[in-house]
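The structure appears right after this line, and notes come after that.
Labels A, B, C, D and E are assigned to the chains in the order they are written; within every chain, residues are numbered from 1.
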């Protein structure tokens, strides 16, 4: 009998869960270290050792929490879509696990971006929320994460849930450019001035540095959470599979 | 030369290998019975053969062509009758059959359809809404589908005689015999009584591999 | 004196009299098998007896009381297992059984429940979600319900052995025998093999009236 | 009462097992409200005028969507028959199911209401009556809807039919619920509206389980 | 094309057999819009400002409610397997089903739109773009929704889940559809909005049946 293992290759060897478990166990401490270090430095520079904005005063410090969260939210969705694609096309078991693990993390980052943005909006715009194109599109992104999580939970059959969710993530990608261009289609009343003012190269390096450090910290945190959740998901599936085998093997 | 040639077929569902290393081949007029206890994987085998589930490993060839690479010819020749009857309960018996015939590019003339209904003993009920049929009558209507749409080729019948009483079983067996006489191939799974003369037996249960064989090196993979 | 006494029972469904003039009575330890071909009305008879469908004519008495007038005592004594298994697939096997026991005011101790599961051979699977069970295992869990909740009385079993393999059927027959030995009454409908020693046979098909008898003067009424 | 408690804890257990599924109604509640600024335009003032009405309409629709399946699953898998044949009255079982439904969808909706108020720019004086009205009125939505959910058990096209049956019955709740908020925003006392809502809810709790149980018995015949 | 025509005529035949059921969506469309005057208050001016948005939001929700079952019934009774195993491509069959769905729900909604415009006090200059936008945009709703309907085939809780998946995908259609009407009312030319709607619809017709067919194949594995 031939081995049921489909033909190998680098990615498939990586996709072997045992190898993944070893690799991730090795990677984990480093990632944790980077996370802690960057958060420490970033928060020190961001909250203490950086200049305040002459208009926004101390509220500008929300930026160091808010902007990386927004970046990570979008990165998470890309991860979701890519892992969905790989899971569907090459039937990589680990890609499916990665998707399942990413979605809640992405939802949390998106929520964080929304939450910190709202907190920031109150002092700067005088309102928690406006129906600006960018804000709206992030809210939609949040709902897309929720939709992904929901469809994963909606089936009794795990494999079916994974395939449906992967397909949804891919279909959802179509909406990313739409979200991007919605700024042009939907003439918004409240274009946040502070965003354009601070964006790009015009930013003070004293503010840019902590921002970048925080971005690295967020990214490392994302890695830590992703690996943790993937390991958890792998274990959960193993338990489920063993239970299933027991139900199948039980003879009267 | 065999028309249908199955090599080293394995199926994985719900994180479990149901069967592996299944080989068999069938020529014109042959028949095969899939046997095994509840949950052994008989239905899964038929679904894999039909092309509804991709095989985990192995190949299925029809007239020498891999059916996954060249599905059109195989699909034109193959008819599958699953657990579900596939009836639209708001349409009449003959309207249901009409749709299937159109879908499978067969003759949709009233005569042809009524002939198929007669073969399963439903000709008198042709204009009744399908929702008024009893379980056995529904099953018979589902079995009229391959009869009405099939010029020759392959029938995959999953528990064809479930819910049927004795006289109906005899009718179905006669239809199968006529189909085989015309060069057709039949693969059926069954727990209920069904006699197929000279049928090859495929013991799905026997093909359930021991855990080590099933998973081998890929134990971790297979669990996913 | 009979415990269950059925007189002149008739049932109408979908504008058609399925059976009429059915009389039988059962005493402690008795059993009855409802027979008839597909669509004869076996399931309908059991649903009428359970009280899910009102009878068209006739009366059902339990300990001399009309069950429609005094339903409480009858319901406390009667357990019905229909075509549908009634499982919540997201709860575990024992959680399902726990709910039924609570609903039917029986003991919900883990011991009592596990004993009932052992009687149908499911004790090892007590903590699995019901969705992981195969068709036969689900059917056995449904049959554990009367075993777990019944001190004695009446079981109405609609095709209890459908989807079961031989060893499971033997287990169920043993449970029924034990129940009857304790004074219980069993009425089962079946097409599949099931042996009930000394069972009275109720031929539902025979009780299908000829059109004139069925409708009589009330022809117009009955069609409505 | 055994049947009541057993059914209540079973339904809550199932909701927990099914994960976030019961939260879908709340998500729909918020998501639906989001459509209005997109359709109507982002002007804060206009939104503020619409807010109370939109929030209540979405609460109605969200409850309906979730109610659709209140009895459907139990009916399909045969549990409903077992409930109907239990010694205790089916009415108690139905009441337990309605309560469980409110706990997993109505209550989260009340909790999510401030988010809606924020998104739709509801004036601050509207917040307390909005929360009070939703808290008092949402049980009525679950209980009244249960009648319709029972009526459509086994129907081919549950969702839409359900909406059609239930929306007219919801109109008094909608009028008093949105009215309370509008009154408060307009500077009036919302307590009369709230009292009316309370009366509707009490009547619904008393009568609806009984009517729904009767409808379910019909469905099983 | 046989498969396409056969499926189209079958689905239309079923819709006729099921009587008014397909009209339920239209009734919901109108009934839902009727709730807004009740919730928001009967002021004509406010209603006129909301009208375009409300009509489009209700069109979205009504389409979703009806789409819920687009494939569910065929999946449950096994017809979907037969369709997938037919010699012709499943994509054609899916396209036929979407078209049939639009004919029995989308088109009646366009026809009912004037009633809505009247009820909600839409200014006269908004009527032509409303009808044009609904006529051009509603096929997109059916075709895009079909993907989500295919994704949830076999899910435990179809209705609400469907809404959550589809609404984000509907947002561009909503923005341009309502935008066309708002533009016309504001004295601008709505044709840019209508052109964008047309582009969305064409893209949806070209791509969605294919994606939905892929999703359905997944569902049957």
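Note that contacts are C-beta pairs under 8 Å (C-beta built on N, C-alpha and C of every residue); 3 or more make two chains touch, one makes a residue touch a chain.
Keep in mind that this is a model prediction, so the values were computed, not measured.
Counting only chains that touch, the fewest steps needed to get from subunit D to subunit E is 1.
The chains that touch subunit C as well as subunit D are A. Touching subunit C and subunit E together: A, B, D. Taking the mean of C-alpha positions as each chain's centre, the chain lying farthest from the centre of subunit D is B. With centres defined by CA atoms alone, the chain at the far end from subunit C is A. Looking at contacts between chains, the pair that accounts for the most C-beta pairs is D-E. If you average the Cα atoms of subunit A and of subunit E, the two centres end up 31 Å apart.
Our note on geometry: subunit B versus subunit E, Cα centroid distance of 37 Å, whole angstroms. If each chain is reduced to the centroid of its CA atoms, subunit B and subunit D end up 46 Å from each other. Among the residues of subunit A, those touching two or more other chains are numbered 143, 146, 150, 154, 156-157, 159, 186, 244, 248. Contact of a single residue of subunit D with at least two other chains is seen at positions 18, 21, 24, 27, 31, 38. Annotation for subunit B: residues 39 touch two or more other chains.
By the definition of touch given earlier, these chain pairs are in contact: A-B, A-C, A-D, A-E, B-C, B-E, C-D, D-E. Every residue of subunit E that touches subunit D in the complex is listed here, in rising order: 18, 21, 24-25, 27-28, 31-32, 35-36, 38-41, 46, 49-50, 52-54, 56-57, 60-62, 65-66, 68-69, 73, 156-157, 159-161, 163-164, 167-168, 171, 174-175, 178, 182. Of all the residues in subunit E, the ones that touch subunit B in their complex are 2-3, 5-7, 10, 13-14, 17-18, 76-79, 81-88, 93, 220-221.
Residue ranges on subunit B touching subunit C, taken from their complex, read 37-39, 132, 134-137, 163-165.
Touching subunit C in their complex are the following residues of subunit A: 156, 243-244, 246-248, 250-252. Within the complex formed with subunit A, the subunit C residues making contact are 89-90, 121, 124-125, 128-129, 131-134, 136-137, 140, 165, 167-168, 171.
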